[in-house]
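Next come two complexes, and both contain subunit A; in the first it sits with subunit B, in the second with subunit C.
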Partner chain A sequence: MNRPNRRQAVLVYLLLAVVLIVFLTPIYIIASSSVKPTPIMFQKPPAMVFTPTFEHYTQLFATRPFAKFMLNSLIAALGSTVFSLTFGSLAAYAISRIRHKRMNDVAFWILSMRMFPPIAVVVPYYIIFKASGLLDTPLALIIIYSTANIPLTVWLMKGFFDEVPRALEEAAAIDGYGLLQIFWYVTLPLAAPGLAVSAVFCFIFSWNEFIFALMLTGSNAQTVTVAVMSFWSSDAVQWGRIMAGSFIILIPGVIFVLTCQRWLVRGLTMGSVK
Partner chain B sequence: MSSIELKKVVKRYGAVDVVHGIDLEIAEGEFVVLLGPSGCGKTTTLRMIAGLEDVSDGELSIGNQVVNAVAPKDRGVAMVFQNYALYPHMTVRQNMEFALRPLRLARSETDRRINETAVLLGLDELLARRPSQLSGGQRQRVAMARALVRTPDVFLFDEPLSNLDAKLRTQVRLEIGKLHKRLGTTIVYVTHDQVEAMTLADKIVIMQDGHIEQTGSPQEVYTRPRNRFVATFIGSPAMNIVPATISDGKLVGDHVSVEIPERFKKRVQAGQKVEFGIRPTEISLLDGAEQATATARVEVTEYLGDEALLDLRIGSQELIAEVPANQCPAEDAEVRLRFNPEALHIFDAETGMSLENQAR
Partner chain C sequence: MKHFKTLVVAGAVSLVCGGLASAGEFDDVELKMLAIGDTSVTRLAPIVGEFEELTGAKVQIDQFPYPGLIDKIVIEASANTPSYQLMWVDSPWVGVLGESGALEDLTDLVKRDAAEINLDDIVPIQLQENTWQGRLLAFPASGMIWHQNYRKDLYEHPDEQAAFKAKYGYDLAPAQTWDQYIDIAEFFTRKAGDTLAGETLEKDFYGNAQAYSRVAGAITHDFFPIMRSFGGQYWDPETGLCAMDGEAALAAAEVMKKLVAFNPPDYLGLMWDIRTGYMERGETAQSSYWSVRTVRLTNPDEAVLPTIGEAGYAPSPTGDGNAQPTMTGALSFGINSKATEREKEAAWAFIKWGTSRDMMRRFANEGSGVSQFHKSILSDAGLQEKYPYYQVLLDTQENAQRRIFHPFYADVEEVFGVELNKYMAGETESAQEALTNACTKINTRLKVFPQDMRLRWIADPKAEIFN
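This part shows the complex of A and B:
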């Protein structure tokens, strides 16, 4: 390696280190605080050496049905992801393939759903769900999250569908397949990276969502984000349990992203058309 | 095997007609080549036959059944796309399997057909590969194999050789010819390459600007072009066209004067403006005392091995002649020429139509 290259490499690593510190410090604080005994939690300077304790975790599960809340979060997030990918990609396929001069307007209209500030529609949704008996059910969250996730999926998937060569679908049409079969066997597999990206966005958004979950769920469908914040009350803030809960919240997102990562490959259509 | 018939078929995009009411009959088992310059509507015509484009007007039949409203999958056609359109997420074997699945064959029959086709096209070693792991020539053969396994009634080819290098093109061209002899399936083949058309076709359909200019066997379109466009489009180097006027039983142009061949005598009138055509190979150099058609100056000579191409100037007119290389004159030399009267073509100057007695 010659000198300028080496200097460049050093710079790159320095920059990476800074970025990593910025992103990992909060996670370190959460992880370490969740196993710190309460008395030393806010010691200054922070205690670096201590005997870890899992009392916050046991307390977390003892004082709240936290496992149930995790399941609620999972149902809401996975449900909305599946729902959004299904209908979002079908809509995106139509928008990508139907030639009509107003199709762009339709696409933009769908995206505009996403621009609504959620807080503005919370109360109307509350009334609607109360009237329909969906209040405090996972289904309510799935519906709400999908109204945000579908527009995103449509836009992401439209881009990926646009990249799938028409000739492949025409070849399949001549080979004897109908529209939905072509979509399922040819177009969708080639847009798999788009599905993976969309799934990650949908899942993370739904899993992390707070305001709707707070307003539209009670003891039955409560999600982990709301549950964690319930340790923050006017009389006391139970930092240990908040940290323990927060650390647990982080895990599914990481697992989900790592699972989807193997689909995030480029060049899937290589070799199909010259 | 199926016959195909187009009756006044029109393709319109918005207000623009790109195919203008063409009539075409293709017999069972015939190898028909649609030939024409880029943008003349060959692909559009082929895609209408395949069912990938709607027919705007007129009637399209395959096997005596009108198929205007029939889906591509129910037309019994298979197509080889110009860019091959292989399914990139499937192996070569899966590409063929996918094409066969709608036929609902028994597993053993599917395997038999795949293996047979793979051997026929030399793909048996490549069945487990993905398209991205194949060379251009191999991809082309996979595209053919995928069409072939289905044993369709009609094969459609859209410039299947245009992405191959010259040597491979010749080789695959021969293979396609052999394939047709062996299978006898009706083939519609689109190309802008006249060599492909001449060597493969039973019948050539020459198109220009969405019209059919002439339909006929390779010999017919070469020896009896219906108009000036076909005459100059077929043959390389192109036929020489010389403006002339009929006068005293002669074709009189700028510094040229040619006796009108007997077969044209009744078809022209004195004073008529025409153009006559002569292929470069039908111009010969005179060394004896024979009566010359014209005298020309040699501007450039191009040595091709057995032959030489001469760029000639007669007055304001430029002509190309192809002569045996050993007769090649020096550049700037004056040469005396003879045009073979048997090979002379005469076109109406205005309409461009041949004055030759047409078979149809």
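This part shows the complex of A and C:
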């Protein structure tokens, strides 16, 4: 492969700079607004030099139990991620390995579960959780998020399992491994990048979800997305607190993605090179 | 001394509220309130323990975002055993909530306790705001008025007064008509480097800040008071269909279009909240909006203006020859119709306690007295000094008109938001085309329903609590 010449390198770096500006500007605005005094919040041109204040962060935690809402979000997001990966990968393995002419239809049917508009099912969910005593609990959110995450996991993991040579499983079977042992010790480790990709998608979806969290939780299980938006009231939008909350919300997602990054890159590029 | 005063007021409130329910009367009741983070709630939330001490009832207030709250209320009211007994209600919602039967009728309770709640002292329109078919569905916890804010320091500057008189032929004063409002907006629109009140401007200064954003129906909120001030009506009284494409609506849309030239360049994205920021930073000469945000203009922690100038307050302008028809709004508390009788009793006791005149006076003394609905508080000389816009709020409610309360309120807000925004952006040729488009869309939805139902939806009989 030829090394890029100087002009090509400059062009690449310029394009990268543009992309970085596009992606990082909203984060910069969130971060800077979260420490900007209220009176100059929307000053034009934007105030670039100012004495930062942490009042918005203080108020965020002083006026609402924001730490509890963070914990609720973490429980719901991690719970749904673990649940979805466990059952989604088992289902995907079955779909990948069972030879039946209708198996692709089954896979598509499972994926179609994700296509329900949330607002169409929120009332039935409300009635079900109200009757079962699960309304306003993190468990309700884990169940709902899993109904969206499992189909995605199945679809993603099926592709990864399809890539694992059956000969390896047959060799393990000859060595005396049972079906679950083969799945656990042979197939799943080889599909680990797929698990990482699925985990990231499941976590981010659950972490960011708003409609179900708004409709099906109260103060007990309220999540951060709802809590942050609750600073939008009829008499004022507390932009400083919203920005402070938004910045905090970014952190767990970034940590989670960075943690999965090694497997994520492998997962996204898997199959692209023979 | 300040703390002593607060203690005295708090004591008085406790004594008065002692009459609301005897100690321990509701020991067995737990109330939950579905609310938002509005001032009417946030000033009450930290002190609900006082209500528990008085009555024994535990109260928990859950705060949610404004967008989506009405849907949550409707869903909540559909449950036979509701999680929430108390509801925060914005007055335009009474149509939807009234038709869905979500809220308990408070008419008889208010009549029964009229003396205790000082019914005669409450601005009548604030109660009317919460009625549906003449029945009171919620009780005001915060009252707001649409009025104009202006730069008093600039209006009173001799150079500006002389220049204005020379250019327009009449004295510079808060606008009483929309023509004057446009003149003032034009006069004060200056570029960086120009002179304003003897000072050279470092950046552009705007004559007006108006909300033109379609988001959350912001532009519709600004359009309605202007339309009403020209004598416009929301609905055709003969058919119950959209009437917001008539002459008054047209005049209102044209006023807004003329004001575009004197607005900040990001006018199409200005929501109600970001718009008020221009006034709060002292970057515009005038701006009309709901009084709930007005308190910021006197608070240097929330606004730049108090440190660089002074705000003045006046009724919103009106169409030529029309009486001032200020638009009001009520942010209120209601009771879930599905709550048990015992819960309803305790919930009503809570509403009486949390919205009582003494409590409102306490809030005013403590600094969160922006939204008031008692005549005696708005006319209190001491409080008027602290909240210089109280007299304007009081005066303008004499001839006030209630906000739109139709069950299709949300549709109107959205459809007109889009169509008016497109007209202001130049995407639609004429105001008539924009308004006709909007009304056609609304009517398409309304015509599904029989005429007698449509006429019932627009009926606004006098609240039966006054009978």
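Throughout what follows, the second predicted complex is superposed on the first by the 260 of 274 C-alpha atoms of A that agree within 3 Å, B and C clash if a C-alpha of one lies under 4 Å from a C-alpha of the other, contacts with A are read in each partner's own complex, and residues count from 1 in each chain.
One rule holds in what follows: a contact is a pair of C-beta atoms (placed from the backbone, for glycine too) under 8 Å apart; a residue touches a chain by one contact, two chains touch by 3 or more.
Not measured: the values here are computed from a predicted model.
In the superposition on chain A, contact is made by A:I174 with subunit B only, not with subunit C.
Comparing subunit C and subunit B on the residues of subunit A they touch gives the larger count to C.
When the shared chain is aligned, subunit B comes close enough to touch A:P165, but subunit C does not. Once the two complexes are overlaid on the shared chain, A:M48 sits clear of subunit B and of subunit C alike. Touch criterion not met for A:V254: it reaches neither subunit B nor subunit C.
Of the two partner chains placed around the shared chain by superposition, subunit C is the only one that A:V226 touches, whereas subunit B remains out of contact.
Contacts of A:Y185 after superposition: subunit B is touched, whereas subunit C is not reached.
Touched by subunit B in one complex and by subunit C in the other is not one residue of subunit A.
Considering their complex, residues 50-52, 71-73, 77-79, 81, 83-89, 98-99, 101-103, 130-134, 136, 139, 146, 150, 163 of subunit B touch subunit A.
Across the complex, subunit A is touched by residues 32, 36-42, 60, 62-68, 71-72, 75, 78-79, 81, 83-84, 90, 142, 144, 203, 264, 266, 271, 273-274, 277, 280-281, 290, 292-293, 300-304, 331, 370-371 of subunit C.
On the side of subunit A, the complex with subunit B involves touching residues 165, 167-168, 170-178, 185-186, 189-190, 267-274.
The residues of subunit A lying in touch with subunit C in their complex are 38-44, 63-64, 122-123, 126-127, 130, 135-136, 211, 214-215, 218-219, 222, 226, 229-239.
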